[in-house]
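What follows are several structures.
Each of the next two complexes has chain A plus one more chain, namely chain B in the first and chain C in the second.
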Partner chain A sequence: MTLDTATTIAWITRAAELVRADESRLTALDAAIGDGDHGANLARGLAAAVTAMGEKEPESPGKALIAAGRGLVAKTGGASGPLYGTGFRRAGKELGDGGDVGQVGAALEAMLRGIEELGGATQGDKTIIDALAPAVVAFQEAAGNGSDLHAAAEAAADAADAGLAATVPLQARKGRASYLGPRSVGHEDPGAASTALILRALADVTAP
Partner chain B sequence: MKKLINSPDAVIPDALRGVAAAHPSLHVDLENRVISRAQRTPGKVGVVSGGGSGHEPLHGGYVGFGMLDAAAPGEVYTSPVPDQILAATQAADAGAGVLHIVKNYTGDVLNFRMAAELAEDEDIQVVSVVTDDDVAVEDSTFTAGRRGVGGTIVAEKVAGAAAEDGADLETVARLATEVNERSRSFAIALHAGTVPAAGKPGFNLAENEVEIGVGIHGEPGRERGEFAPVKELVGYALDAIHADRPISGDVLVIMNGQGGTPLIELYGAFAEAVDWLDGHGATVARNLVGNYITSLDQAGFSITVTSLTDELVRYWDAPVSTPALRWGV
Partner chain C sequence: MTVGIVLVSHSAALARATADVAGALSGPDVLLEPAGGTDDGGMGTSIELIRSAVTKADAGDGVLILMDMGSSVLTAKTLQADLEDADLEEDGGEPTVRLADAPFVEGAVAAAVLASTGADLEAVAQSAEQAWSMRKL
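After this line comes the complex of A and B, so read on.
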C-alpha cells in the first residue's frame, strides 16, 4: 500500500487517540523530570492537528501533514508544539503527492532534520531525537530490503520503542530535564515516549 | 486537590475575565489571550513579554504605563503559541518596533522566535532579549542553558521605562540585555506547587527537606537539601549568587515568594539578606519584597540581585502604573 491522503489523516487521528489514551503516562514521565504537562499539551495539539486537516480537505498526503503541523504549532505551546509542528510540516513538504515506502522514508528523515535544526538536539541528549533517529534508520533499512510500508513502519515503531528504553540511563542535555543534571538519569524521556506513539500510529494505520 | 477554580480548563479564561474586570486601564483579548494597554502611545517602542501562566503577577500584572505594552499568557507552565505572541506584538506595535523579553526556556524561545518571524512578515521590527539569570543551572553545553527568572522583572521595568522615555528599539534592547547581565537569582522551595490539571504537587519533600535551586515550574531542583533556619537558607542562596558574580556596591534585591509563602516569612528572609549583603560590603539601594514571580502555590523564596548603575536606578525609579508595580504616578 502507499500512504495516500486518507491514510495520512488516519495516521494523525490514530496518533491523537494513542496520545489521549496515554496522556496520564506521558504526564507522569514529564512530572518526574520536567514540568508535568506533556500529555495534556500534546493531546490538545494533536486534536488541533486533526481539526486542521478537516477544515479544508487536503489535496495530497503532503498537504495533510502540513495542515497537521500548522495545527500543532498553533495549539500545543511549550517546546513540543514548534518541534513536532515543524517536523510534520517538513515531512509534508518532502512527501508532496507521493506516498510509496521510499518517499515516506524520505519524509520521516525530513521530519528528523527539521526537529534537529530547530531544537539543536542530537542523539543521546534524551529528547524526541533518541526515538526518532533510530526509527528513521530502521524504516529506511527495511524499505531498502524490500519491506512494504507496513513492515517498514513496524520496524520504525519498534526501533522508536527501543530508543525510548535507551533514554532511561541518559542524562538530559536539552529541554527542561537538563536542569536536573544527573537527577534526570533513570527516567524515560517524555518526548521520546510521544514520538514512539506517533510512529506506532503509523504502523497501526498501514496494517493490511 | 482543593483549588479555587471551576475546572482546570477554565482557570485561564476565568482569570483573564477577572483581570479585565479589575483593571479598566488594560485591554484583555479573551480570544487571543492577550493582555495589553487600553491605549497605545504613537511612536513608542513596544515592549512585550509572555510565558506560561502560573507565575502571576508575571507577566500580565506588569502591563501598563512605564512597563510592558502587552503580555501573552500561555497555559499553566506552558509557553504561549506563535499566533498569540503575534497578536500581543501587534497590540504593542506603535510604529517604532517591538522588544520581546523572553525567559530562557526551550518552548518560550522557540514560540517567540516563530512569532517574531510572523511579525516581520507584517513589517513589524522585532528584537528579542532572552533572560537567563538563574545561577542554579550550570551554564554549559550540558543543559538548555540558564533559566530566566526574577531578573526578568527588572528587565521589563527598565526597558519599559526607557521606551516610555522615548528611547529607540536598539537602546531599549541594550538596557534589557544589560539588566540581564547584571542580574542573578537563586531559589529554594519548601514544598511544590500544584498544577490544576495535574492535581498533585510537582514533587514531594519530607518534613526535613528543601529543594535547592528549584525552577519556577515545579521542576525539581538540582539537589535536595536539609531544612534549616531562614538565615542559613538565605545565606546559601546568596553564596551561590556571589560565587557566580561577586556582589558589591549598590544592588537591587527582589525577595520573592513563590506564591505560597506568608509575607511575614518573606520579610524575615529579606532581613537576613540585608545582613548578609552588609557583611559583604554591598548596599541594598532598591528592593521588592513580596510575590512577583510565582509558581502557583509553591512555598519558598527566590532572591534576585541586580548590580545597579545610575542609569538603571533612574529607570527603576521612573513612574510606573501596572496592576503589580505602581509608583511615581
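After this line comes the complex of A and C, so read on.
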C-alpha cells in the first residue's frame, strides 16, 4: 500500500469527518484554556481543504496535500489554520509524486518542521507539537523496522494519543492558554487533540 | 512615495480604529489599511483580507504589517512566505513585505509618523519596533 492521490484525498476527507464528529469535544477542550473555537474553526478549515482538493483533480499526493493546506489557511480563521495549512503544504512539497512508507515518514517530518518554524513551539509547550513530534518518531521507527504504511500510521496515531495525554500536566507556553500560566495545567491541549485525530485518519484510510 | 502600513487584528473594528489613530497623527499621505477579523465578518484572521490590504497599501516602497497576536501573527507570516514563494516563481512583482515585532497601537503610530517623512521600509519597521522602549510612566 502506498499513499497515492486517492488515498491522500481520503486521508484529509477522513480527518474532516473525525474533527466534525468530535467538534464539541475539541471546542470544550479549547473553552477550558483557549478561546473556545478550535472545533468549529478546524471543522470549517478541513471542509475547505476537502473542497480545495475537489476543485481541480490533484495530479499527485503532494499536490493534493498542498491544495488541502491552501484551503486550511484560507478558511480556518484561527491559529490552527496557518499552522496546519503550512504543515500540509510542507508535507505536500516533500511528498511530491511519492507515497511509500519512507516518503510518507519524510513528509510527516516536513510537516512537523514547518509547524515548529511558523509557531516557534517546541515539545513541552502544550501544543500540536506534543502530539506530532512523538508521532513522527514512532512512524519513522516503525518504517525503519519494516512496517508497512498502515502499521506505521497506527504507531504514529497511538504515539499522538499518548502525546496528547501527556499534555495534561503541562503548563502552556504558547497561545491564549499561556496567559493563564499555572491555570493551564490539568487540561488536554486542543491542538494536540486535533493532531491525534488527523493521524488517526491516516491510519484509518491506509487499513487493508 | 511612502511605505504602506497594514494593521492585522482579530477585530475589524480594532484594526480600523488603530488605522484612524495612526492616520490622525501621520497625516493623509501614509496608506494605512486595516485587515481585521475573518472574511465573513467574525472575530479572527483572514489571509485573503490581509493579502488584499497589502495590495492596496503598496505604492512600490514596500509594506509594513503590524499584528495584534496569535493567529494574526501566524497568518501574516504565512502570507509573507506565500508572497516570497510567488515572487521566486514569477521573477518579482509581488510587494515587499516586512513584519513588525511591535506593540499594535503604539507601533502603528510610530511607523505611520516616520513613514510620512518618506523613510524606507527598514527604518519604518525599526521605528515601530522601538515603540517597546517608549515608557509611559
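Quick notes
Following the convention adopted for this analysis, the second predicted complex is superposed on the first by the 208 of 208 C-alpha atoms of A that agree within 3 Å, B and C clash if a C-alpha of one lies under 4 Å from a C-alpha of the other, contacts with A are read in each partner's own complex, and residues count from 1 in each chain.
One rule holds for everything that comes next: a residue touches a chain if its C-beta (ideal position, glycine included) is under 8 Å from a C-beta of that chain, and two chains touch if they have at least 3 such contacts.
Just so it is clear, the model here is predicted, and its values are computed rather than measured.
With the C-alpha superposition on chain A as described, chain C and chain B clash in the combined arrangement.
Look at A:Ala143: by the touch rule set out above, it reaches neither chain B nor chain C. In the superposed model, A:Arg183 lies in contact with chain B only, and not with chain C.
Looking at the superposed arrangement, the partner reaching more residues of chain A, out of chain B and chain C, is B.
Once the two complexes are laid over each other on the shared chain, residue contacts for A:Asn41 go to chain B and to chain C alike. Legend: residue contacts after superposition of the two complexes on their common chain; A:Leu197 is shown touching neither chain B nor chain C. For the contact definition in use here, the residues of chain A common to its chain B contact set and its chain C contact set are 37, 41, 73-74, 77-79, 81-83, 118-119, 175-176. Contacts from chain A toward chain B in the complex involve residues 27, 31, 33-37, 40-41, 73-83, 118-119, 171, 173-176, 178-181, 183. By the touch criterion stated above, chain A contacts chain C in their complex at residues 37, 41, 73-74, 77-79, 81-83, 85-86, 118-119, 175-176. Residues of chain B that touch chain A in their complex: 52, 74-83, 105-107, 110-111, 114, 136-138, 141-144, 147, 195, 197-198, 202, 215, 217-220, 222-223. In the complex of the two chains, the chain C residues touching chain A come out as 38, 42, 44-48, 70-71, 74-75, 77-78, 81.
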